[in-house]
Structures are given as structure tokens and as C-alpha cells.
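Submitted below is the structure of interest, expressed as C-alpha cells.
By letter and in written order, the chains are A, B, C, D, E and F; residue numbering begins at 1 in each of them.
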Amino acid sequence: MRPSSRDLDQMRTISIETNVTRYAEGSCMIKCGETHVLCTASIDDRVPPFLKNSGLGWVTAEYGMLPRATHTRMRREAKNGQSGRTQEIQRLIGRSLRAGIDRVALGERQITVDCDVIQADGGTRCASITGGWVALRLAINALMKAGDVISDPMLDHVAAVSCGIYAGQPVLDLDYPEDSEAGVDGNFVMMGSSRLVEVQMSAEGSTFSRDEMNTLMDLAEKGVGELVAAQKAAVS
Amino acid sequence: MRPSSRDLDQMRTISIETNVTRYAEGSCMIKCGETHVLCTASIDDRVPPFLKNSGLGWVTAEYGMLPRATHTRMRREAKNGQSGRTQEIQRLIGRSLRAGIDRVALGERQITVDCDVIQADGGTRCASITGGWVALRLAINALMKAGDVISDPMLDHVAAVSCGIYAGQPVLDLDYPEDSEAGVDGNFVMMGSSRLVEVQMSAEGSTFSRDEMNTLMDLAEKGVGELVAAQKAAVS
Amino acid sequence: MRPSSRDLDQMRTISIETNVTRYAEGSCMIKCGETHVLCTASIDDRVPPFLKNSGLGWVTAEYGMLPRATHTRMRREAKNGQSGRTQEIQRLIGRSLRAGIDRVALGERQITVDCDVIQADGGTRCASITGGWVALRLAINALMKAGDVISDPMLDHVAAVSCGIYAGQPVLDLDYPEDSEAGVDGNFVMMGSSRLVEVQMSAEGSTFSRDEMNTLMDLAEKGVGELVAAQKAAVS
Amino acid sequence: MRPSSRDLDQMRTISIETNVTRYAEGSCMIKCGETHVLCTASIDDRVPPFLKNSGLGWVTAEYGMLPRATHTRMRREAKNGQSGRTQEIQRLIGRSLRAGIDRVALGERQITVDCDVIQADGGTRCASITGGWVALRLAINALMKAGDVISDPMLDHVAAVSCGIYAGQPVLDLDYPEDSEAGVDGNFVMMGSSRLVEVQMSAEGSTFSRDEMNTLMDLAEKGVGELVAAQKAAVS
Amino acid sequence: MRPSSRDLDQMRTISIETNVTRYAEGSCMIKCGETHVLCTASIDDRVPPFLKNSGLGWVTAEYGMLPRATHTRMRREAKNGQSGRTQEIQRLIGRSLRAGIDRVALGERQITVDCDVIQADGGTRCASITGGWVALRLAINALMKAGDVISDPMLDHVAAVSCGIYAGQPVLDLDYPEDSEAGVDGNFVMMGSSRLVEVQMSAEGSTFSRDEMNTLMDLAEKGVGELVAAQKAAVS
Amino acid sequence: MRPSSRDLDQMRTISIETNVTRYAEGSCMIKCGETHVLCTASIDDRVPPFLKNSGLGWVTAEYGMLPRATHTRMRREAKNGQSGRTQEIQRLIGRSLRAGIDRVALGERQITVDCDVIQADGGTRCASITGGWVALRLAINALMKAGDVISDPMLDHVAAVSCGIYAGQPVLDLDYPEDSEAGVDGNFVMMGSSRLVEVQMSAEGSTFSRDEMNTLMDLAEKGVGELVAAQKAAVS
């Protein structure tokens, strides 16, 4: 019944290749099916002004899409400025990754996680969070190896998956053909412990019940479990 | 225990004054405690390009804050452009209001709902949705009275409330002192029927369990019920 | 003969409600007939760079209109940037208010007067100056009460009114139907003493004689006298 | 007593050289003492959208300053956008020139008058109006010679001069050293007939009486008379 | 003597992988040593306004760098707008690729070549041209295969290489350590036939003789020969 | 054969008038035939941040065109921002002028050379470089006369000329009718010694051989020789 013939609760194939760029302190290419996102983590000794002399660190994120990451070419944001959608997504990624960080242990430095979508087939913000965590983990490993950070500031894994109601059925990990048809869909950001960080459920031209929401959350827990396993394999 | 001495499940005083401006086809001033939002609905015969000759209507929203709606004066967005936060909020308001509309019945016209925060004490996006629905209802009443729209395009009430975990307790309808301290908070947009339209839960420097989430949703259902009653009183 | 049936030298009803917002150090809602402007005065300890360590204070103003303050909805300036008209108006308000201030007595601090038009029916810049003066007066009262300012920096009242030639007759305090038809109109900013601060007379598709100008100035003196009386009543 | 040793009612030397650029339909370099402005008039067959199929013409103006037209180099507006002051000035020039035009006789075309300040020593907006009129006159002469316009759309001369109170004395045609010290100054735009088009009087840190205003207007009439004579000599 | 131990006339290893993205009509990842550029070619049936109904096609290019393509993270252009350097580079790429196209044979359509630098180690604009040609070739192959274009509009190969004077010696294909030290460097765009399309030689804090220039051009011819061979291998 | 009837290797008439504005430390109006550029050099004691406390000076350039410098009026860049072409040109002018400067001898100060095109007939960037050098020379003369700079930081003359292939013939110093038709054209920046600083050759819809390039460089050497002679005459 799904365009991809997947089972309702079946994730797309996940692959996470680490250290894919030469300069970034941490990096990976995450592929969730045909959605490919390059994630890099860059360490900077300066923090934003509101944190100066606070002793606290900061993690922030920026998100972009190459113009031909999509079926039809989009206008380049460097020419037109970031859309509201882009800003919304990068704020979500930043908040999600900060949830997994002890900012005291990180110390007064900033890590910027750049998530650039090379190819898009739905779920780019979730892939960015899951891959962004890996890039962050590797960058912090480098800080710890260099002795710049003593106790590990990473509290737990953070990963994200989308779920939605497609053709009347609850499905896990929507691809683009499903996402563009689903009346209800949501993004679920969770810790390795399954505790929740962000829930964003949204209906366009539709509504949903609390029962449906609970079903979707069950699916999300299953999906995040598989993503966390993939993260573990990638960084070990 | 709450700074305002309210019970955990107690809303702030709600007041909705309608027809507060002279020109808008629908308008109200909604006050949720010390949060005051002026909502106007403006009808335009032209729809956005992607809907031309589709026979479908459109409802969109814009959101703004007066510079001194807050404790300390903010920079005027007209001088600096809309922030990511502003864009995120107005996209949410628009999606939420569209959930309550039959776009075929509305016909090929656009209604723009402007939500301008005169005074802010937390929960401005929720007040904007709840008040925006009233302005929209009044504008559509005018269309129906004029015979421009025959069958009522409004499917149900739409209203929104925030809930969060403050000082370890789940609380309903956060004001600013609570909002700025809460580790977890969320916005719940519901129909009059209690079916869900949007759920946005977010933790900053914290996480939450599914049990906590369910408690917050119970609170939200109670709150939205009271808001819908206030909407009914206002437009009757 | 006037659309509102007013006499040629008759002002619209003036009302000034003070302390209308919770946070601003001074505020009022001024209504000149159907023109409604919310004025707030915000105190900031920092002055613009060109005044650093000068011992002099500064008063500046910003002006905005809600998108549906007018008959037909205007584009939101936060999305498009401030128009030339907006910038011209806020520069005028700032200059006018500074004329009534002893900047040495104010001391090295800045007061920003925000004038936001809630509903527009002509004469918004004049109402902004007259109401802005009230907000400024209240903010300075607060500074004096707190002992931050010792001798009163306010030299005199400042108020403004428009006059013009409508249907061949000189009229006082133009409303929108008159303003949009008048070939000649002007804005007159005066002190409580009737001394002049700004005169801006302008003809679009027309011209005027010095005699006509003198007649308009007589009307303006009368109008400003009534506005100053209303200011006095409001702040007493 | 004046820095330039001029009499109180003495203008700076005026020179207007016509046809100074190769491509513009009308052009002149106007020099009012050390203030030099290059004015060009460009004819375009298209009118702004609000005039389409109205049969009416339009005259508009744009104003700029070369970065080193002034004592110290200013930032280039092409890099930073037009300032509020620039927009205010070009709106004034446009309104002033339109006052001298019969837009029916001009026919449905637009003339853009560009006023670029090559060197600034006070009074640049007045020189722009006076020189802009000459460029406009020459461009319209070309239209008439070509038979594109039958009856002359120019109703009268339009010229402008500044006056102010410097060191306690009313003076005509302020240069920069006077302008930067004057507590009161104004710009007066008049027709050849001495009828008024625009009066903009402004006090910064000062005020003025109606008697003083009348004295300044007497000076302005004298000055505009001399400017109109210079225009006549230039275009004959 | 070269940091990379290459011979003076030795290119970096070239690799061109084709069809690397799913949606673009043509694409490749070109690697010139550690410089990696993703090139996509997107076909659009609409041409820019100045070519409407001309029967002529258009090829244009856009260029970007991921923020962490470089040693230290750069600011994201989507947040700050394209720099002058970026605009200059994309204009060069566009002109270069158009030199190899018969715009009549292409027919009235536009192909946009996006060159996004994934990792930068000098010579990104040259790699963009060389890789951009491959993407363009593949996109045009698709047009021809579909019968949308009958006769091949590609006249010849187009490829580019940089040369410069490093440590007093003429060297081929500068990497970043050389580029940042070279007093003279240039970019040479050539056809497969060795005819020249663009020469951009530039000295910063230095100058060069015609003899030196000729030596560099000899090197460039050698380098472009190797690049054209790599292009041939890639598209065959 | 040339539209202007010049010989293939004949320059347009060159005139350089110095000290044409009152405030700039150095200035000239350069006329190359009908191309007229006003060049000013402005000295600033502050250097850009990357040179603070380096002891090194900086020379930079900005370029602009008056809207009616051209056959048909262009949009004013102050309203629309600088085009890519403008930025490319001003970067070239700056690099070229820096090639003639000993930045140690200049000392830690910045000189900004503004090149504003009053009238354009092809070759505006070359005229800007040649005239910009004169303005720079005069400004540095002033610094030396004032004793602010001891040893002359100017190493040699810098001048520029365009050459191209027009109607199949190599020609020197293209004017606009030639430039708009030429398939190949280039800009050559040289020192007084004939050593090269920049070479920018470009073909649009065409290509060129190395022999053709050598012929154009011979022409350029001849042209620059004449420009340097004109510079010498102007500053002596």
C-alpha cells in the first residue's frame, strides 16, 4: 500500500558515513533512503554575546538545501535569503541537539552544526537531527581527545523521525510521495532513553484524535530506536 | 505555587471584544490575562498565484508585536525584517485557521488575519489563533450576509492554549514568568470537537515522558473548552 | 460643507487616555476622531554613539501603521521595509519632540517614542506628535519621581495639527475624506506658547498664496491651543 | 557677519550650464556657489502602474550624492540603501516639479529627473529643484519639437531656495557653515508667479515666531526671483 | 619544492563521477585533488525575459560553497547574501559554458548549472567549469535522447585550470597553500581545441612580464588537455 | 572601418583635469573620448579590521554609474543594491591600484578611490583605473607635503586600456558601439614599465587564439604608453 512497498512500521535503509570532509571537526553523510544530508560540526572558541563570561557553551545549527536537491530546481537561498521554512527547521535542529548537551561541561565555546541537503526525498529535518548528532559527537570526541574538555558533555543520543497518516493508515518514516499526500504528519525528536525532546504534529486540511497521536508515537519510538542503533554503529 | 497564584489547571481571565476597528471585515481584541492581541480579518478577491482559477479559497495570517509590547523594548521588525520566530508563528496561525475552513465553500478569495500583539505576557501565538478565529468568523459572517458566500465554510471552532511543566508541575496557560522558567512547554491547537490540529511540544535543556505529555494534553483539552465557550459568547 | 459637517475651524473630538500599556514608562492612546494612535515612551540608559560621553540626552521616534488601520489592507512593513513616507514621518516626530526638551537636563539617556497607528482617518503624524508628547511627559515624570532626573527637562508643550484648503475653503484638522481631496495641506507643529517648531505645507497639483498660508496658520494656532488643553488635562 | 561675507539677503553666484550630458533628453549642471548638482531628465513611454490608461503623465525625481561630495566621505548608498533623508528629498523634488506640469498635456509618459550632487555646500535640495526644472524644460522642448507633445505642459517656472536664522539674523541662501549652525531653517519652493508650492520650516533645538517666518518668506521671494531669472537665461 | 611535492607542471589527480544525484538532468562530482564540487544541470522550458520568442537558448550558472568547505567555517551566504567574489565566479562559469554552446541548436530553453563546493582546496572556479561542462553534456544528451533537441548544440569541450607563480616558479594547478602565497595567478578557460575562452591573470602585490605569461599559458594548455581527456572518459 | 573612423591602433582623445572637487584629497575628471569618469581619493586614518596594528596601509575602490550615464536610463543602484558587474569592477580597480603601492611606506591608513561614471561610452573600468591612479597620486602628494608620509609609497604608474576583435580586426580602446559588437575583448592593466598587473580576456559567443591574444597585448602596450604620458602631464 505504501508507494515504496514498505510495511507501515518499516524505516527506510539508514546509512551513516563519518569523517566525510577534510576540515570539519566532526562530519557525516547520513542517508535515509534517498534523502542525503551532509552534516558538519565546527568548533569556535567564541560564544554568542549573551553567553560571554557565563562559562556555558552553545550548540547551534544551520540548514540549507542545494537548489537541485529536489524534483524541480528551487531558487538558491543565497540569492533570496532564507525562507521561513528554513529558519524554522534550523531552530528546531539547534534546540534538539542542545537537549543532549550539558552546557557547563562543554565549556564556553560554540559548536555550529551545518546540515546541507544534497538530495531530498522527505524527512530532511529528521535526518539532519540524527546526522547532526553524529557530527557533534565526533567533534566533541576531538575536544576530549585534545584535553580541551574533560568530562563528556553529551548526555544521551538525540535522533528524530517523522510519522504520519497516509491513505488512512499510520506510517513510519514518510518519504516525499507520502509526505506530500499525508493529511497529518509529525516530527518526533527523542533521546536514546526514548524521553521526548520535541513533538511537532501538524494537520493540513485535516485533524487527528489523541488515539491516532498515540499510535504515531509508538511508531516513532520504534523508529528512533533503530536510528540510535545506527548512530552507535557509526561512532564506535 | 504559580507566580499568579492560579491553580495548576486554571486559565487566565479571557475577554474577547469584537468589532474594535472601523475598517476590517472582522476584528476583535482578545485579552488572555495581560496578553492583548488585536486581530483583524481582511477579505481580498485575489488569491495567491498557485490558487488562480482553482475555485479554492485561502486563509493566511501575519503576526507582529509592537516594539514596547514587552518588558524591555524590542527592535521594530519594520526596520530589521521579520525574525525567524515571527515567521514560524505566523505560519502556525495560518495553518491552524485553515484547518477550520472548507476552502471550496469559501470560494476563490483570500482572507488575511493580522494578529498584532499590543501587550505580551506569554501565550501570544495561542491568543492569536483563538482571537484570529473570531475575526475570521465575523468576516465570513459578513460575506454570508452579503450573499457572496452561500454555505458556511467554517467547519468548527479552532482555539489554542499553552501548557508546560513549571517548577516540576504540569500547568495550564503559562504566563511570561512561567514561560521563561519552564523546561518543557507546548502549544495545542484544537477544534471545538477536541480533535487536534497542531501539537508543538518543546524542551529547552530538559526532556519529558509520554505520561507527562498526556497530562499536559488533558490540561489543554480543558483550556480549549473554555476558550471555545468564550469564542461562542463573543460571536453570538 | 465638510463631509463630517464640522465647521471650517472645528477640530474633531480629542481624547487622550494615559497609562494604557503595562510596561512602557509612559503611554497613551490618543484619538482624534477616528484616528487612533498608541504612543509609548521607552527609556534606555544608552545613547546613540554620536552622543557618548557628551552628557546630552536624546529623544527619537518610530512610527508604524497596523496593516488594517486603513480602508484597504496595506502590506506589512516588517515584510517589506519601511517606506519613504514612514521614515519621513518618524523623523518629523523625533525633531518635533526634541524641540520641547532641554537635553542637558535630560542627562545622557535616550527616550524612544513609538507611535503605532491602530486606526487611520487622516492626521496620523499630527496625532502622533501630540500623543507622543504625553507619553514622553509621563516617562519623564517617572524619571523625576525616581530621582534620576532633578530639574524638569521639558520646556513646553509640543502639539501638531493639520490644515488645508478643501473645496476652496481653509479648514482645520483634515480627516481622510478631506485630506485625499485637498490640493493644499500642511502640518503645523507648535509649542504651548504658539511659537513654531515645524511648518510643512505642500501642494499637489495646485499652489497657494501667502494670504492663504496665513489663514491656515491662524486656524492651526486655534487647533493647537485646544490640543495643548487636552494634553494638560491628560497628564494632570 | 556671514562666513562668506555676503549681505543678509544676498544669494550665492548662480550658474546653469545646459546640455552637459550626451544622452539625456534634457540636462544641466547647476552651481549655487560651491554646491554643484548634475540634473538630467529622462523620458520613458511607460508610466507607473497606477496611471496606466489614464491619459495622464508623471514626473518623478531621484536624488543622490557622490560619496565625496562632502567634507568627509560618506558611505555609498548603493552599498547601504537610500537613507530616510535621501528618500525625503527626492519625494520633495518630485512633488515640486509636478506642481509646474499639466499632466494631461504631457500625455501618458513619465519623465524621471535625476539630481546627483557632485559637490555639496548646503542647499542641495533647492539646487536640485531649480536645476531639475531646467532639465525638465529642455526634455519637454524636445518632445514638443518632435511633435510628440502638442501644447506646452509646463505651467510656470518652479524654483527653490533656503532661508534661515543664523547668529540671530534672517539670512538668504544658507551655505553649509551657516546651515550647520542655524537653529531655524526652511526650504521654500515657489512658482515663477511667487505662488507657493512647498514650505518646509524646521527648528532643531529652537523655535520661531510668525514674524520671523514672514521675514524669511520675504527673503525667499527675492531669492526665487533671481533663480527664475537664471532659469530663463539658461533655457532661452 | 611544491607543498604537495608535485612537479611544476603536474596536475592534481582528477576524478569525475557522473549521475550522482537523482533528480538533475545531468550531474557529476568532480574532484581535483582535495577540491570537490558537485555540479548539476537543470533544464527549464522558460528562458529569461530578454530571450522570449528569440528562438535562442541560454546557459547560466550559480556557484556556492558549503560553510565548512574551508579550513575555518565561513558565514552562510543564505544568511548574508552572495559576496562580490561569488557573483564574479558564477558570471565567469556561465560565460565559459556558453562559449561551447550553439544557442540556436539548443532552442528556446534555459539550462542552469549549479556548482556547489563541498570541499575547497584551491581552484574551485576551474573545477566548477570543468565539471559543469560534464553536467551540461549529460543534460543535453538527455534532451537529444528525448528528441527535444535534434542537432547537438555542444560545439566543443570547455575546461579550465589555474596557473601561477609560486616561490618564483611557474606552476600548474595551484592548490590552496600555493594559491594563498602566489603573487601572480590566473585562470585559463579553453576549448577542447585549445582555443581560448577566458584569461584572467591577476597580481596581488606583484607584477608579471609577457614572457612569464606565455610560460603560464603553455602550462595551462597542458593542463586543459588532461582535463578534456578526463571529461571524455567521464561522459563516454 | 571603425564606427569612429579611428585607425585600428588609435586611442580616443584623452584628457585629465585635476583637482576638480573641493573636498577630496585628490581628484580628477578623466575623459577618454565620450567616457567621462570623476575620480576622487579620500584618506582615512582607520584601516579595515584585518589590518589593525599591522603597520600596513590599504587602497580600495568603489565604482558607480549615474543612472543616465548611458543611452537609456538604468535603475539607480542606491535603490536596488550593487549589481555583480559593479562589484566585479570595483574589486578590479582596487587590486590594480594596490599593485602600484608600497603598503609599508603608505603606513597604516586607508585611501578610498571613488570612480563615478558621469557619461559612458565603453571602457569605463579602464578609465577608472587610469584616472583613479591620478587621484591617488595627488592624495599621496598631499600626505607627503604634510609630512604624514616620508618616502613615496607609489612604485610606478598604473593604467588600463581595453582591446578586442571587432569585425574580425584587432582594435585598440573600444568605444561602446565596438564593445557591444565585439566577440572578444579584454582589459589590460599595466605598470608604467609595461609589466602586467591584470589581464582579463573574455569571449562571448566566440573564442580566440594565442596569436590573436598577442596582437591585442601589443596594442595594449601602445595604448597604456599613451595613457601614462597623459597621467604624467596631468600630475606634473
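Just so we're on the same page, a residue touches a chain if its C-beta (ideal position, glycine included) is under 8 Å from a C-beta of that chain, and two chains touch if they have at least 3 such contacts.
This structure is a prediction, so every number in the text was calculated from the model and none was measured.
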Shared touching chains for chain A and chain E? none
Would you kindly count the fewest steps from chain B to chain E, each step being a jump to a chain that touches the current one? 2
More than half overlap in residue numbers between the two sides of the chain B-chain C interface, or less? Answer same or different. same
Roughly how far is chain D from chain F, going centre to centre by Cα mean, in whole Å? 33
Rounded to a whole Å, what is the gap between the Cα centroids of chain B and chain D? 51
Can you give the whole-Å distance between the Cα centres of chain C and chain D? 28
Going by residue number, chain D touches two or more other chains at none
Can I get the ring sequence of chains, opening with chain D and turning toward chain F? D, F, E, A, B, C
Enumerate the contact residues on chain D facing chain F in the complex. 21-24, 27, 34, 38, 40, 42, 44, 62, 64, 66-73, 76-79, 81-82, 86, 112, 114, 116, 118-119, 121
Sites on chain C touched by chain D in the complex: 84-85, 87-88, 90-91, 95, 98-99, 103, 186, 191, 193, 195-210, 213, 217
